[in-house]
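Chain naming follows the written order as A, B, C and D, and within any one chain the residues start at number 1.
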Amino acid sequence: MALLVSKTQSGREYKVKDLSLADFGRLEIDLAEVEMPGLISCRTEFGPTQPLAGAKITGSLHMTIQTAVLIETLTALGAQIRWCSCNIFSTQDHAAAAIARDSAAVFAWKGETLEEYWWCTEKALNWGPDGGPDLIIDDGGDATLLVHEGVKAEEEYERSGKVPDPNETDNVEFKVVLGIIRDGLVGDPRKYRRMKERLVGVSEETTTGVKRLYQMMTNGTLLFPAININDSVTKSKFDNLYGCRHSLPDGLMRATDVMIAGKIAVVCGYGDVGKGCAAALKRAGARVIVTEADPICALQALMEGIQVLTLEDVISEADIFVTATGNKNIIMVPHMKKMKNNAIVCNIGHFDNEIDMQGLEAYPGIKRVTIKPQTDRWIFPETQNGIIVLAEGRLINLGCATGHPSFVMSCSFTNQVIAQIELWKERNTGRYEKKVYVLPKHLDEKVAALHLEKLGAKLTKLTLAQAAYINVPAEGPYKPPTYRY
Amino acid sequence: MALLVSKTQSGREYKVKDLSLADFGRLEIDLAEVEMPGLISCRTEFGPTQPLAGAKITGSLHMTIQTAVLIETLTALGAQIRWCSCNIFSTQDHAAAAIARDSAAVFAWKGETLEEYWWCTEKALNWGPDGGPDLIIDDGGDATLLVHEGVKAEEEYERSGKVPDPNETDNVEFKVVLGIIRDGLVGDPRKYRRMKERLVGVSEETTTGVKRLYQMMTNGTLLFPAININDSVTKSKFDNLYGCRHSLPDGLMRATDVMIAGKIAVVCGYGDVGKGCAAALKRAGARVIVTEADPICALQALMEGIQVLTLEDVISEADIFVTATGNKNIIMVPHMKKMKNNAIVCNIGHFDNEIDMQGLEAYPGIKRVTIKPQTDRWIFPETQNGIIVLAEGRLINLGCATGHPSFVMSCSFTNQVIAQIELWKERNTGRYEKKVYVLPKHLDEKVAALHLEKLGAKLTKLTLAQAAYINVPAEGPYKPPTYRY
Amino acid sequence: MALLVSKTQSGREYKVKDLSLADFGRLEIDLAEVEMPGLISCRTEFGPTQPLAGAKITGSLHMTIQTAVLIETLTALGAQIRWCSCNIFSTQDHAAAAIARDSAAVFAWKGETLEEYWWCTEKALNWGPDGGPDLIIDDGGDATLLVHEGVKAEEEYERSGKVPDPNETDNVEFKVVLGIIRDGLVGDPRKYRRMKERLVGVSEETTTGVKRLYQMMTNGTLLFPAININDSVTKSKFDNLYGCRHSLPDGLMRATDVMIAGKIAVVCGYGDVGKGCAAALKRAGARVIVTEADPICALQALMEGIQVLTLEDVISEADIFVTATGNKNIIMVPHMKKMKNNAIVCNIGHFDNEIDMQGLEAYPGIKRVTIKPQTDRWIFPETQNGIIVLAEGRLINLGCATGHPSFVMSCSFTNQVIAQIELWKERNTGRYEKKVYVLPKHLDEKVAALHLEKLGAKLTKLTLAQAAYINVPAEGPYKPPTYRY
Amino acid sequence: MALLVSKTQSGREYKVKDLSLADFGRLEIDLAEVEMPGLISCRTEFGPTQPLAGAKITGSLHMTIQTAVLIETLTALGAQIRWCSCNIFSTQDHAAAAIARDSAAVFAWKGETLEEYWWCTEKALNWGPDGGPDLIIDDGGDATLLVHEGVKAEEEYERSGKVPDPNETDNVEFKVVLGIIRDGLVGDPRKYRRMKERLVGVSEETTTGVKRLYQMMTNGTLLFPAININDSVTKSKFDNLYGCRHSLPDGLMRATDVMIAGKIAVVCGYGDVGKGCAAALKRAGARVIVTEADPICALQALMEGIQVLTLEDVISEADIFVTATGNKNIIMVPHMKKMKNNAIVCNIGHFDNEIDMQGLEAYPGIKRVTIKPQTDRWIFPETQNGIIVLAEGRLINLGCATGHPSFVMSCSFTNQVIAQIELWKERNTGRYEKKVYVLPKHLDEKVAALHLEKLGAKLTKLTLAQAAYINVPAEGPYKPPTYRY
């Protein structure tokens, strides 16, 4: 298969499924803008001063309609953009088409192979001989990973002449990463180091990517500053919680049309994402059971009337299984073998290693029947029982539905815009070291404030006396950094 | 446009969108069977004795995957079937294809015109020179209506030579009905009377159709016995309530991807359907407001913390409007003009006259932008505000999603099967007059009982002493006919 | 112990705990009136015409603050009243005091013995030589029972000279009934027959009492007409459901202060009362499990995500047990022995025979520790585990709290007032035979309508065209009698 | 009025309402122990080593049944105790009696005057000539305040000979504080400084007290180390949230018996306490409206379907008002004048200055009718409308009910025990400076873990590979300190 880059009449590169979907994409982008007051406010407030002028931004983040509004907000603030998705199934092809035609270089389509996925990531990072990117917007850290692994390989190559060997890893996806670095290494053995030197910083979207960043910071291997968007309250307590509460049932319904009421649903992990999933399933009439390792989160589940058990306890009686741990190896083949016929198995954690898809594929005699894209029935030879695995173990809400709705993504993405402006503004001041930062509380509160009017809310204003009494500025921030909401 | 009937190799007639979708339909039918224990139990219990042997059944009921399982249950019991949908948007084309190929004559596709719709209905009723149908399965009463109007026209024609004149009615759809009767009348002026004479009865599925039947019974114009399925508890308190609780948000999400949390949602009507809709929206995080004419239903809404206002009170602040009254002229053009930009308007009542679509289409200067099929933005010229109307005012859950999930439809359809068996068994006994009947309580309880095991429930058995104490048989029925559940 | 009747200065009889509580009672009655718009509307609407003038009414219904407002509504309409409670624990002594002092003859206090209870019932029925009552307001049917048993005994005595023998029954309470009849029989062998002849009818409040009435109607033993208030929608779907949803947790909290969140709660019976209890416990954060004999009600529980099991399945793991079946012998001693230490056991069904209190008391070696009135810990000798039984197995919400709140009782009691007016108005017309009747739908709707304004609701008015379309009068009733709400 | 200290036979001091309530208190303490697994585990784990041997602890914390279990856990670990309540209405007299008789010096009764309250606080702090306390357990910071103000006054007196003048402050309560310090100052001008010198530290329970401590730390005036218990997750996200969710409706019901369903309820403040209150009211069927100054909390309310408005917007239509801001001057007299007749006004924030009780009392012509203790109707002369103020503006859940249930208090109090052990263990190591500390995460998780078994939960164990993957120890702590739960 040849992966060929197309160009628009203006010469901008892209590779998308079908550019003719651009009109449809544009219509939905128009609708989404009405639902994304934070981003539109950014255009109004910051547009005139063009705070991102000159910035070349690479984004690796689900190429959806909502992301299109983010991209066009960044371009409205002066940035140039190259974009790819951070998940093989999460692109909405009409969104990609509209952006490719109208606004930015895009390399993304729904249903990429792993090779295609990393090809797209490389294309989004590769700004050509003039260099770039200046900034990365990352979701899960794959663009950041590629730069870091690329630099590592280049340094090793310079040192020892050794190129990466994909056979040295068992991890199917990491083989592809090493391959793509190897293939470009000899031709341009400084590419990733040029990126690293230019890079002002990254703003990272999600729990999993943030975890990677903190590990690199701890190990001293982080190559550029990072702003942790995920831990803005208006991100992790909104997108993760309310977003999943919306999009998990959406994905389940679109993929399977199954009646949730009356069913037994197991949610693995009761963090923000798991809380959203459990709430959605409970409200839809399921009996929810949670698995947890953390006793505090477990006790929270119990206080909501949700039973806390181990996966083994319920494996053969539950109807729906959702992984939301951010950890790996949660639902393994021996679990899946014990499930009821037509049990539904899906993942809403960032990576697809919560469900042992490799083990399932390798199971002797297993039969895969694709009901429709992203909905597969895997039939075990011994029992002829099938289990229904959604989105091949990847994010169900993006693989089987359209991800989170615009309004909540407006909160998350407004944090992104603010972080990008901040990094770019301070690019020469040394304010940000090679560390991981969170946005200050008053910006977090500002993001929330931008979303209130759309919902008809009216805030109470503190009097000066009241503000003094609780020892906060009258205009906020209203809470200490440790406040948990 | 020519409407041509195709034939399978075995000679069975059909007209569907695309027969090649049959394999996909079959896969989903297989999944649905696991979720429809009531229908599968009917096959097991009644299959051997073939209680519908010899019966020619015409069905006018949304041609979905769930209906496919119903149809194949009826054929498994010996019936012959001709089928059409009872809504222009409700057909799932892969379901229609699978049934057409494998099991029954089908005339249905998603997105029929009104002319096509009534052509399909006529085809489903027309069993050719040997006559038929013997039985009707109706949902909304359109098949029953066509027979009654046909008989009326034939009698008038015989009496006066006058044929129906579509221009005599303002109702767009009724024009089509009169047209189709007129077109066949001279060629065969006894067709509908032959049907009437042969017809053993109809079992009717929904509130609206039932209302029509009781009116005809009261007026003395009902031509054959009818069993009211809708008022089985296991229908109206399940399908209408829990079904809509599932499928309303499903339709909203698929059509608009809008975040429901934080929005103001107005539900017009707080009957079983409205209760399901209001519960779903509330649980999704909307602030729900109900409009009601009935003080008892209004007080029920209040007891759930739901505000009860008139449409006028909230017309310009709400984000989502859902009609669920079973009445007409609920949301009119003057209402729509006052709505916020991008307010969402949809209907989940049986007929499309709850929203004034005709008025909207006729509004001078209005602009319709189709975002995607069944999702239209109507822009008023004065304000340039658009409202988003779903499924052209028809049933949102069937137009924009896939209708109710299999499990709850299994309850409804098991009632249908039982009613059809009953009508057919008593066809020569005179037990059923030209009246409307409900199924006896013990059958209602049986339908419920058939669905418990799938959900892992265990019933308590009354002792004889306990049964005597509350004056019921130990094996049921457990409640008086007036019990409200 | 001598039971002595006191008299007010005006000569009205009473026996209450402490007349000095009357001021406190009056303050709470004043508050309750604001919450009981239906009753206050009755005073406004009917007061001027005194429709109950001349009527002597005996009431046997929990002597609470809410009942006080009912009594004073009846007297405001012209009636004379004698009253007793229908449960040994349900009297609020300050309410009884206020009524005794200000408005009517009352015989009721919290914590009656069975002997005292039936003495009160007799006193409430006994209008002296001038005869009476003309009407009964009953809750559970005890006043009606006493008249029927009295008549039976008088007829037997006249026939055979035989007086009732309390030893002929094992039922502890029925022994007392027979004793009280026996004691008066020889002195006045026509008392109950005089009552019967004068009695215009009874209006009955609750499921259990209604069941008795229908049995008597079926057996042909009903001595006077009865209006079934319980099956007014505005009674059974409000008082039973929303009332218990309020008062069950209220009773649990006052009696035990136990944290409901996190606990496993078993609700036996998922009728209107059970639905209210299950909803309350679930919302308070308990994991609720329901036991049911009726498959339809069981399926309703499942649709709300509530597990349905048998009592045996969960007996040793649950923390809270609530009986709400209206049946008998639900929680027996062998069940109680298997419960966890400090499991809470209570009943919210009308009669106290849902829990085997007699068996518990008779258990060899059992130890009863009264924590406070109506909260007892029963310790089994084998395990030294105790179970906490509330209100001695009688209605927890009245025994351990103050019963249902005023607003919902206003709905129930407005039905009572309307029924009493109706019976009295038709006393000479023969309209009501010795049968059980329900109130017509339009009165039911009127009761609801009287309660809307207080909650700020606005009803939608049907146009004539809309009313015609759904075939109802524009001013209602809006639903057929079979509608289930 | 003379305030006299009594002594037990063993010579321990106390002043309580009625020592004869001790048996009743003991019965309820026995029940509570079963519900407080964290405290009982502390006795088992730490009892043998007596880690609090030699420690004199003064507690200023609601003297309830749950606190009794805390006190007896501390004494089981070797401590000596003197105790007072931190609220004039929060003492449960039977709990105080049992502790006074059996375990510790107690100065507390329900319904203290302000003078009595501070007399009790002084008595609890005053360990006599041998000195003490070594440690303080504080809830709201009153014991800490008295020491700090005492020291300040002593220093001023030493410097200038000036004694505190209660007339220098407008604050009614602070007048009493100054008075009590003044009265003892000349007789013993070093008392509070001796305390200060001996004090090892304080562990503080609640938001308000913690705020004071941080202010003193910032100002450099904090006299001894403090551990902030409130910000343990197992405190603020449990006690504040789930505790109030339980005890707010409990208080409302006991005080007013009002039906919550159907009502409009305003919750001022949507922090942890406000979230619990709003959830409880919503689940009880109220329509809830929140007032908030913080845009993030406001957006959280909206995501749950709760309207956010200002108090002024809803003042004349709401039925129930609850303050939960932790701020002051929330509901003022002009607000109260506009409320509906019989609107209910209550506070669940720590201090009573959220509602302007002083303004209400001073209002010309106002009439106060005490329905029952802690339930007053205040009637405005202009309108004759009354509003019902609960617990005189103090904590409704403790004034009108019994506070939070045992289980959730077990979480909070286990934190207290752990903090006291920690402070005492490190008393000579200099580990804790005059700053405010929180407990480390692993202790927080331990508190949760101690409460899981009682609720039947089973935790999942991370494999070493999983723990490494998410970069946590397999045995926890599982989350970074910033995690919000």
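Rule of thumb we're sticking to: contacts are C-beta pairs under 8 Å (C-beta built on N, C-alpha and C of every residue); 3 or more make two chains touch, one makes a residue touch a chain.
Source: prediction; values computed, not measured.
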Relative to subunit B, chain with the most remote C-alpha centre: D
Pair of chains joined by more contacts [C-beta pairs], A-C or A-B: A-B
Gap in Å, rounded to a whole number, between the CA centres of subunit B and subunit A: 40
Centre-of-Cα separation between subunit C and subunit A, whole angstrom: 58
Interface hub residues of subunit A, defined as touching at least two other chains: 242, 261-262, 285, 299, 302-303, 307, 455-456
Residues of subunit D touching subunit C in the complex: 24, 27-28, 31-32, 34-35, 65, 242, 245-246, 249-250, 253-254, 256-264, 283-285, 317, 341-342, 369, 371-372, 377, 388, 401-402, 404-408, 455-456
Touching residues on subunit D, where the partner in the complex is subunit B: 261-262, 282, 285-288, 299, 302-307
Interface residues, subunit A side, partner subunit D - complex: 211, 214-215, 231, 233-234, 236-238, 242, 272, 291-300, 302-303, 307-311, 313, 326-329, 411, 438, 444-446, 448-449, 451-452, 455-463, 465-466, 469-471, 476, 478-482, 484-485
